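Each of the two complexes below includes chain A, the first together with chain B, the second together with chain C.
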Partner chain A sequence: MARSTILVTATRILLPLMLLFAFYIFVRGHNDPGGGFIGGLIVATAFSLYGIAHGMGAARKLLRLHSRTLIGIGLLCVITSGFLAPLVVGDLPFLTALWGTAVWPAIGKLSTPLLFDTGVFLGVVGVTSMIIFTLAEEG
Partner chain B sequence: MTIPTKMLILLPILLSFLAAIINILAWNHRRWQRIVTLVATTLNLLVALRIFMVVYGQGPQAVQASNWPAPFGITIVADLFSAIMVVITALMGLTVAIYALADITPQREALGYHPLYHTLLMGIYGSFLTGDIFNLYVWFEVMLISSFVLIGLGGDRGQLEGSFKYVTINLISSAIFLAAAGLTYGVTGTLNMADLRGALAQVPGGFATTLGMMFLLAFGIKAGLFPLYGWLPAAYHTPPAAISAIFAGMLTKVGVYALIRVFTLLFVQEVAYTHSLILMAAAGLTMVIGVFGAATRSEFRRILSFHIISQIGYMIMGLAIFSPLALAGAIFYIIHHIIVKTNLFLVSGVVNWMQGSYDLKKLGGLYKTNPGLGVLFLIPALSLAGIPPLSGFWAKFVLVRAGLEAGDYAIVAAALFVSVLTLYSMMKIWQFVFWQKAPEGVVERGHGEGENGRFFRLLPIIILATCTIIIGLYAGFFFDVAQQAANQLLDPTQYLNVVLQR
Partner chain C sequence: MVLIISGIGTLIFIYAGGYLQGDPRIGRFYVMILIFMAAMLGVVLADSLLLLFVFWELTSISSFLLIGFNHESEQSRRSAQQALLVTGSGGLALLAGLILLATAGGSWQISVLLHQQTAVTTSPLYLPALILILLGAFTKSAQFPFHFWLPNAMAAPTPVSAYLHSATMVKAGVYLLARLHPVLGGTGEWFYGLVIVGGITAVLGGYLSWWQTDLKRIMAYSTVSALGVLVLLLGIGTKIAVEAAMLFLLVHSLYKGGLFMAAGAIDHETGTRNVRRLAGLARQMPFVFVGITLASLSMAGIPPLLGFIGKELIYEATLEPETAVWQLLLTALALLTNIFLVAASGVIVIKPFLGQPNEDTVQPHHPAGLSLWLGPLLLGLLSLGLGLFSNSTLVAKWLLQPAATAVYGHDLVLKLGLWHGLTPMLLLSGVTIAAGAGVWWLHERWRQGVMAVDAALAPRLGPEALYDRGFDGLLRLADWLTVRVQDGFLRHYLLWIVGTTVVLVGTALLRGKTAVMPSQDLIPGPNEILLTLVILGAAWMVVQADSRLAAVAGLGVIGYSMALIFILYGAPDLAMTQFSVETLTVILFVLVLYKLPTFETKDSTPTRLRNVVVSLLVGAMMTGLVLAANAIPASTHVTDFYSENSYVLAKGHNIVNVILVDFRGLDTMVEITVLSVAAVGVYALIHTRKQQQETAVEERRSES
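Moving on to the complex of A and B:
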């Protein structure tokens, strides 16, 4: 398939914008529509756009980590966020939310729900990119 | 080291989850995956035994994960019935994992056997421990999606055909389950099972029973109840023995567990109709049709698959009679059945490994070359048929006695008749596979290719056969536990109190 110059040029601008937008959606998800799931989908869309412009092999390289590893790390974040309350604070049930006090720019207070959502985010990026790469390469 | 109860009853789920995660991260490191699988399943057995001891000693335990009070939080609850099921699952998880070391080919391991095995176990533990109908649906899905992949893993022609039927029927069942859960929420405004018990009592009788029948349909498909069992014998004989053994042992029993749970805790408004009529008829027909199916087949694992169906009938019979003794019998039967059935599937795998077939007509003469294996087959086979003093005898004895006490003579007659036919088809397998001379051209394999394979295949069978004998010899203790579990099911005051923190 011939590379389209228009698509390649547009992707150069769109890819960082989409990643930034995904981060925005991810962070605002705590109180407004958004969150790790949607953010992850947008990231996967960004990578598939890059894949369409430059070929899926290049998109895989850009992602650095194997999709499967992303899923693993995502799930690890999820289970860690659950274990923090009973292990660090003690005498709380699994998954109890813990909140920090300091307010950070852009993300607000650090918390275990944020870590949980990061896990969801990574998991969705992993699963969706794996599906897209596999389908695109077979077709 | 003591683990707080809040953590303890979640640990079977979490350990399986953690093992699955590590196995995903260690995807291409077969050696590590095997070590993780063995360590996780061993730890889970210890955890499960601890849970059992705590629940046996102190009554039902509950934890609200994420610390929101019931009925809003994620309720995890272990009463004695759940605890028994968790212990059995852990035992099967470990023994089948050992067997899989020899049975699952490196190709299947490379396709992700290990992480899927743990997510399957996670789904099963979750189903047994959850206290919420919707979470039960989610755990069912976790279990089913893993099983969908496992049953087709490796992609043999037969496997794909079997998995197609399996997936289709189970998706229909899930859709019915989801619809039933949605309607229940619409009518009562809650899905927490302890909370639902009170809420359903307020609902006009007919509607609650209708919901109950929808759940019966959904769980009946999963449990392989008559007339919804068609997918089971079409699928269970296709994957490798290690996979079909864990399926045969556990998956239908999750359906039976769910049936027993909802028809003791939730839908007890019209027992005369739901239990004494519908469930009783389903139980009797399941028993008889299943055993007829088995009697006419001549493929090792197909015979065993039909026997699963027939045995499900016994468990539902206990639920249908709905007396403390009958429920205790059903629980005892589940304990006995899971161990025996898993073991028989493992034995069929060994026979296939030695003579290269599951077809009875292409097998023979194994008693002469492997008398030990013959004995190891006879223990679960005779137990399945109900020969004293093995575990199956006591299980059937309790059920038959409960049936006689309740005056349900028809189902008792069916149960006894089915026992005889079960014995017949076990003897058929014995006759063809072990006793008579091998047909022309059968080549004995499996001696030269490494003693390790032999060890890993036979060790789990020996462990499970020992369990069968122990249950038979110490039936008093096991029956006592089953009876206490049945009493907790019929009088769930403790369960309700511990979940709703009253």
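Moving on to the complex of A and C:
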């Protein structure tokens, strides 16, 4: 694909904005429209935009972690958030939500649903980027 | 039954240790047989019909694995598959039957159902339930015409044959019939079904066992015969018949387990199971000889072994029916069966152990070890001991009376004894033994002829030939269907999927007669009308597009318009997801289409016309479906729960997200896993193809 200067320049500004927006959507998800799934999709869109502008190899490098690793971490987050209640606290069913008390800036209270949603977020980023990178590099 | 399973199971374990000595797969064997043992105990102990079914299927599966234990042999694999298909399809019938039974009786608990006999037998569901359950039991217990899988299952190692295919698993069908006898029994259908099938099986199995030359096949067919007798007795269903059935169940488990283990020991030491090549083994294998002789005598029903008492009781049961015709018929059936069984025991013992060795026969390499003869000897001695002490309270009162009471459904007192005086039963026993000896004598002389007749008839008329033909037919049908439905063109796949949906849903809609008129609040406002126009225009563009890229852009427009509609109806989450997904879809399309050649040929006019018709039908069906769904007043029960509890229980205001990560977290977890698997699939598919192409290129290079 030929490089387009306009696209490259626009991407330079758009990428951080999109990532920030994705994070915003992800964090507000619990009380307003948003969440890990949509956030993950936006991140994947951002990276494919970068890939179209600079080539998929560059996008892959920018992501740093291999998509496989992301999927793995995501699934690990999800399963951990489920097992925290029965294994660490004890005597609670699998996937019981646990909530911290301290309020953190930007994200609010830490909780297992947050960890769960982080897992979904990472998983979606991993899955989508893996499919896009694979298809784009084929042939 | 539990005693039989665990007791014989223990002996089999010791025995298998000797039989499979040095085999590297012995660990696998133990695992599989333990799975089976657990499943079998589950079948016997389960009170819930569904639980019983699950364990039932588990026994089928472990039996499949055990028959196919020598998986390098073609014959083993075929037999294993056959056993699985026959018992498996019977299992399906059984499941349907059990569901009907539970519906008719109003409970899934067997203990509750036992008191519902009148409700069940008068229900209109009774006959179909009975037929289906009988199918399940008959396939499992190798009743005619499903008996053919059992002799073939002898491809399994001998410990398996001894345990699964004579003492326990094949008894599961009989056990089920016995267990359900208080619920289903006592009707004409029950009587005729069981008596006819059991009778045919008993005589046929006896006849087939008589002229075999392979020790294990003789035993397999005599097992079929014994199972037939058990079914026959349960069919008669009177007090004495039930007692006889329970006693015979024990008798048969004891002697057949012993016989099989002895056969395995012979096979292990001499390398053959052909009775014509064995002779004079009594001296070389004294313990096995004693064990097998006791077992055979019990099978032949010679006093004072337990088998004799069993046979007496069987005759007593067949002499019981009131009409003379049935008395005569049943007794004749039992007599014939027993004559064959006597002959079969003669074939097993007399020549291989007492005959004169000659140049055709094989000598054992070395005497059988302790673990190989312990099982047969112990079971043989048990048959003898229980026979001698049959009038003691242990046998009658503790072992058999509770079982017979449970099957019969009322209390009964059981009395056993060796000597009842001069009765018709004793006379029949005498006739049996004399005639059996005669038939045994014919074994050598007639076998050639009988085998020739069988070889001529079986390929055309036997149930196994039918099975083979059915199996081939199924494969051909699958081929035919696959070529039609999955021809490798993505558009044809889509056509089949969409077409099937339209036909099924459309039929349901047309027959449903739900009013599908749009209600007042569905009248669109200006926004909706505008968006609809956009969507229609975009759709037209997709259809008319000359390049794939234009078509994809058109699809994107449709997707974004849909997202706008979601916003109009107050579903921002849905709209956001739709936006993101739509964007990514367009990107993916572009990435893939970029590599495809440009449109070179357009489809012919008829094909396009067909596509138009199908598309219009899908559209019409979806419209109808949505209208119909809308016409049903939605229950707000679930919605109310979530909106009330979303913040209280899960501390979130966004209900959609709370449902995703908290209330239905498990669903999400599984979905994300499925998604990951899909991604790995895409990755693997494309990368393997790439690697293949690379190796192909390299190969070509190296060739030139």
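Everything that follows uses one rule, which is that the second predicted complex is superposed on the first by the 138 of 139 C-alpha atoms of A that agree within 3 Å, B and C clash if a C-alpha of one lies under 4 Å from a C-alpha of the other, contacts with A are read in each partner's own complex, and residues count from 1 in each chain.
One rule holds for everything that comes next: contacts are C-beta pairs under 8 Å (C-beta built on N, C-alpha and C of every residue); 3 or more make two chains touch, one makes a residue touch a chain.
Just so it is clear, the structure is predicted and the values come from calculations on it, not from any experiment.
In the overlay built on the shared chain, the residue A:32 is in contact with chain C alone; chain B does not reach it. Looking at the shared chain after the overlay, A:75 reaches both chain B and chain C. Shared-chain residue A:97: touches chain B and chain C both. In the superposed pair of complexes, A:41 makes contact with chain C only, with no contact to chain B. In the overlay built on the shared chain, the residue A:86 is in contact with chain B alone; chain C does not reach it. In the overlay built on the shared chain, the residue A:58 is in contact with neither chain B nor chain C. Within the superposed three-chain model, A:8 lies out of touch with both chain B and chain C [touch as defined at top].
Counted by residues of chain A touched, the larger count belongs to C, out of chain B and chain C. Residues 68, 71, 75, 79, 82, 94-95, 97 of chain A touch chain B in one complex and chain C in the other. Here chain B touches chain A in the complex through residues 4, 6-7, 10, 14, 17-18, 20-21, 24-25, 27, 63-67, 74, going by the rule given at the top.
Those residues of chain A whose C-beta lies close enough to touch chain C in the complex are 1, 25, 29-38, 41-42, 44-45, 48, 52, 67-68, 71, 74-75, 78-79, 82, 94-95, 97, 99, 109, 111, 113, 116-117, 119-120, 123-124, 126-128, 130-132, 134-136, 138-139.
Within the complex formed with chain A, the chain C residues making contact are 572-573, 576-577, 580-581, 583-584, 587-588, 591-592, 594-595, 650-654, 656-658, 660-662, 665-666, 668-669, 672-673, 675-676, 678-680, 682-683, 686-687, 690. Across the complex, chain B is touched by residues 68-69, 71-73, 75-76, 79, 82-83, 85-86, 91-97 of chain A.
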